[in-house]
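Common to both upcoming complexes is chain A, partnered first by chain B, then by chain C.
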Partner chain A sequence: MARVKNSVVVVTGASSGIGRATALAFADAGGTVVITARSEHALEEVAQQCRERGADVLVLPADVTDAAAVEQIARETAGRFGRIDTWVNNAGVTLFGRIEEAPVRSWHRVIETNVFGTYHGLRAVIPWMREQGSGVIVNVSSVVGKLPTPLVSSYTASKYAVRALSDCARQELLDVPGIAVCTVLPGPIDTPLFDHGANYSGWRPKPLKPVIAAERVAATIVSCAAKPQDEAFVGASSGMVLGFRRAAPGFAARAAAAQVPKDHFTAEPVGGSDGNLFQPADSTGSISGGWTRSSKKTSLDDPKTASESGSERSRLRRGMAVAALVSAAGAGLGGAIRARANR
Partner chain B sequence: MPVAAETLLRNTIDAPTDVPRHRSERHTVDGVRIHCRTWLGPHGDHLPAVVMLHGIGIASRINEPSARILARIRHVYAPDLPGFGKSQGSDAVSIEDYADVLDQWMAVRGLSDAVVTGVSVGAQIAAAVAQHYPGRCRDLVLASPTVQESRRSWLRQLAIAPVEVSMHTGRMRVIQTSDFARAGLPRLRRTFSSALKDRLEDRMPEIRQPALVCWGNRDPMLTRSWVTSLVDALPRGRLAALPGVRHAMTHEDPLPFCRATLHVLSLSR
Partner chain C sequence: MSQPSFMAGFDSASGMANALAHYLRGEPFETIGNPPVLRGPAQSIRRFSRKTREKAFIAAGAAETISPRRVHRLDLGAVGDWLADEYPDTTYPAVAIGSSNGALNHLYAAMGIPWLPQTILVPVRQKVHPDDPKEALRRGERYGRRLVEAHPGIQLHHMHDPNQDRLMVRALTYFRIKRRVLGQDYEQLLRDRLPPGGTIIVADCRRTWTTTQVAERFVFQHGAPGGATESEYHHGSARVAEYLRRYDSPVRRWEGPELDGQSPEAEWGFEPSLLDDIQRFADEHGHRVVRLSFDDPEDASPLVADLHRWWYRRRRIPSNRLIVSSFAVTEPYWTARTGSVPFWMKFNTEPSLASLDEYLRAVDPYDEIYLMLFQHGVEAVGVPGKEQWEAVLGHARRTGNTLGVDLDEFPLDFSHFARYDQAIPQQIPSRYPLPAPLQLSELEEFLAGHKDDYPVEYHH
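After this line comes the complex of A and B, so read on.
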């Protein structure tokens, strides 16, 4: 982690979930951490946890939908610490509900935060990184950035766009070999996103299984900063699902359309809400949303044990075996149908 | 016009990177020829100039990389102290002596109300200029300010010096070797003895100007607690703790130093 020690890292959306875990992971690795989110009191708690790990930390509350505010974060960071080595565009919100049922302004707001927020981050940090000739930009997309998912259309569209933005930025920065742009694509993660998100579906949402601890995403982001890669998946289920989709796209789309409404929601009915779209959540934030067994019995300060439990891993292995069989069968069937059609 | 320049040119990315080459100037101060490397930046007429002071042994060339960056926005003057670099020798050897010479040199050169920066022992001299000649200095920047109170002996300094030298880049070693030879051992010994006697911490409460203390966390000569104590003693002090930055920051890590300096200058107006 030579590249992370003594580096200066900006993390957006650091008040909870993946952003919070990422800030702590960089603090553990010897980085200087600049944390931003809308909720100052939640950030102060994260800052205290970073300081306890011996890191220098700067709290800069801001809304990533405000381009000028994000530019000021980059300016303040470079001015205070002299450099920006890693910039993590993580801030994200979500909205559950059908396209025609969710309010227009809520749908727009998800795009504004997730897509415009990432764009504002890129726009703010690139001049500083160009000048210093080095840096790593990590954009947090999602496995749904490659996989259409019903009832979270704005989130899915935003994560496709984040991936596209990363690819464009990487092309534009080819003239500076010292700058890398990474896209991190996590699968379902145990964060408060499912409780904080806007919801017009009528039911309380939950993450699809298998659920991964946010600390694992944070570890991937830190490793991207140390050794950049264009795209990094987190969680074996992501690769499995994408392989399934490549092998049998039509079947995968129909399977997702049938399964997601069942598996992404609990049986608990809830009224429509904008969640944290327009106002930050009242709480001081947390990394976990309490969706894994381990998260309920694990201290947040102990990321090593906050990973999947053994039983979750075995379920994951079983799921992968079934999916591999289905993929192979789908691919074989598709091939046979195509061969027959060509005859 | 000055307001517009300060508003728009707040930090390094706000100005084009092409800066004219420096020119060598010589002025006679009290019978001694003082050499100065001068960069006249395109916007310098509208903003206070920067005067950069070197430390022991390595003369104005230690400030050259930073001067080239600062000159995108301001005029920059990097003089060689008497007996160092291309300046003539004189009887001046103490921190106070050098501050007196600088006051006279700035008068001859027509410089007042400048941003005065110094690196290492140069920071001690810059602090003395700010204290005794406040009209010459409107903002003070102390980069890696020596000598730490708990390490104020030849033995301790000689024990740490090899660690610091081992971090130097090849170009820094070349400059150091030639500038050490020019200054000569007797001047180096007498100047450093004076630096060891100088109690920088006692000057801090007397400095009324806004002051920035820059410290790199890879500096083996100074600890964070030392620079923090200096900032605490300054009436208008700020600390820039720069990750990954070394002792000779104006040469080895010029961009972080310049960004931190310009950032604070943009805030102090």
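After this line comes the complex of A and C, so read on.
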């Protein structure tokens, strides 16, 4: 972590979830942390936790949909600390609901926050990093940035876009070998996102299993700052699901279409809500959304302990193997049926 | 096609055209240290005694000379052919022609356009005592007459500068050739690269010098702009006497040939007869002609620097870093890649330092100032000392430094020639992509907004 110690790090969306865990992780690693989110109250709490870890902290409340405000964060950070070593574009919101049922303005808002927010961060920090000749930009996408997922179309589209933005930025910055752009693609994470997100699905959402602790994503982000890589997956499930999608894209899409409505929601009916899309959540924020049994046991020293449990991973692997077999059989059966029907 | 062998490589025209061509090709300009095998020896020359360094410098100049008997047979059209090969084979919205000028060279780079020099230097083998300008003229006269007789489209400015060129004139004499007409080579290049409707930008430096008319289209110029004033060359001064004493000269002032008129300055001045031919060509081919006119070569430097600052801010580049170049030691590629503002000094002498100092006092302070300094090997009249250079670097808010020059060794740190191109990327970590060309309309917008701020006239 030599590259992280004493470095200056900006984290957007630092009031809760992955952003909050990331701020604390950088503080633990000896970094100077600049935290931003809409809720100053929640940020102050995070700042206090960072200070308790011995870190220098600057709190700059801002809405990432405001390009000028994000530029100001970069300017103030560089002005105060002289440089920006790592910039984490993490701020994100979500919206549950069908494309035709969710309000237009809510759908737009997810794109504005997740995509425009990332774009504003890139646009703000690149000039400073070019000036330094160095820096690491970490954009938090998601495994759904590679995997179409129903009922969260705006979120999925935004995460595809974040990945594309990362790729474009990386290409544009090839002339500066000292600047790296990383995309982090977590699987389902235990964060308050599921409670804070807008919801027009009619049911209370929950993360798909296996759920990973946010600290594990934070550890991956810190690791990218120290040793950049183009794309970093978090969670064993991500790689397996993507492999599955590559091997049998048609079946994977149908399987996701069937699985997500069933496994991504509880049986608890809820009314339509814009959640934290337009206003920050009332609470002071937290890292976990309470979706894992053992999130308290997680440790940055051993990121692997952050997933729900080892047995959960084993169950997933078994499930995926069965799914793969079923898909192969299903594909064969389907083909046979279609062949008969075409006779 | 390589650079014509009769063109001096250590000259402003060839150096600037080369650097600009590299920029337009998207390449850094490797200087005297290229090929790489020469870089090591060139860098290590600091270790040698002053006398050895002087001899090496003279030898480098002597290696570029041509025999005086060859002068009238030169194929001057090879210059245009060489430039046609150097500049990328594409069409341009504008092409610049005229005076050598380091500041404008940065402007051409920003605009992504080529420049065709009016004046080139032909170093002719000749050995005379540096402090005997009359003998320099006498020895060169016969060959100069042959040259202008053989080439009706040019005029010759035979230049002898015993102050700044004290070392070089021991091995060669300076034949500066100015085009009075475009010539077939430049016309062909313009036909190929400048579409109808394109603009010809004329760099019109009105700097003159008092000269001696030798023949039709042939003048002799004693001295050159730099540390000593024109009057000091012609009439002497205490500074000149002290300088001559220091160099063990048998004289205490120079006795040049009788002066009889004013001519465009040999190296920088624009010979106006070329303008008529440019206008004729432009009328025939549907081009627009615009002219940047100024009295002294350095007049364009504040304008080009401020234009870059204005342009960089539009591109969201901080524009708080200045790279000062001097004479032919200039690198447009790395200046742009590091997001640096260029300020050009025509030489390394007190008037140049004063113009830089005046500029820095007038503008918003720069955070960083870097200095590239031509080395000519002579502690001549009007060469500033280390403290003066350090004082001007002190205008920087954060960092003021040289780029590979040891000021203790100035003006004999010849290793600088093999260092400065690498020193820029080594000392400045910032990296910006080469920009899309600055449009002529943007230049005109800037000039319109700063009408009386600079001693540069824009005729259009």
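Keep in mind that, in the parts below, the second predicted complex is superposed on the first by the 300 of 343 C-alpha atoms of A that agree within 3 Å, B and C clash if a C-alpha of one lies under 4 Å from a C-alpha of the other, contacts with A are read in each partner's own complex, and residues count from 1 in each chain.
Everything that follows uses one rule, which is that a contact is a pair of C-beta atoms (placed from the backbone, for glycine too) under 8 Å apart; a residue touches a chain by one contact, two chains touch by 3 or more.
Fair warning: this is a prediction, and the values are worked out from it, not measured in the lab.
**Student:** Following superposition onto chain A, is the placement of chain B relative to chain C best described as a clash or a fit?
**Tutor:** Chain B/chain C on chain A - steric clash.
**Student:** Between chain B (first) and chain C (second), which, if any, makes contact with A:132: first, second, both or neither?
**Tutor:** both
**Student:** Name the contact category of A:72: first (chain B only), second (chain C only), both, or neither.
**Tutor:** Neither partner.
**Student:** Please indicate which partner A:49 is in contact with in the superposed arrangement: first for chain B, second for chain C, both, or neither.
**Tutor:** Touch partners of A:49: none, neither chain B nor chain C.
**Student:** Once the shared chain is lined up, is A:273 touching chain B (first), chain C (second), both, or neither of them?
**Tutor:** A:273: touches no partner chain.
**Student:** Contacts for A:81 in the overlay, against chain B (first) and chain C (second): which applies, first, second, both or neither?
**Tutor:** first
**Student:** Quick one: classify A:175 as touching chain B (first), chain C (second), both or neither.
**Tutor:** second
**Student:** Using the superposition described at the top, determine whether chain B or chain C touches more residues of chain A.
**Tutor:** Higher number of touched chain A residues: B.
**Student:** After fitting the two complexes on their shared chain A, where does chain B collide with chain C, if the options are 1-9, 37-45 or 109-117?
**Tutor:** Stretch flagged for C-alpha clashes with chain C: 37-45.
**Student:** Which parts of chain A are in contact with chain B and also with chain C?
**Tutor:** Shared contact residues on chain A (touching chain B in one complex, chain C in the other): 127, 131-132.
**Student:** In the complex of these two chains, what residues of chain C are touching chain A?
**Tutor:** 316-318, 337, 339, 428-433
**Student:** Contact residues on chain A for chain C in the complex?
**Tutor:** That would be residues 127, 130-134, 172, 175-176, 178 of chain A.
**Student:** So in the complex, the part of chain B that touches chain A is made up of which residues?
**Tutor:** Residues 10-13, 17, 217-218, 240-245, 253, 255-257, 259-260, 262-264, 266.
**Student:** What part of chain A is in contact with chain B in the complex they form?
**Tutor:** 6-8, 31-32, 56, 75-76, 78-83, 127-128, 131-132
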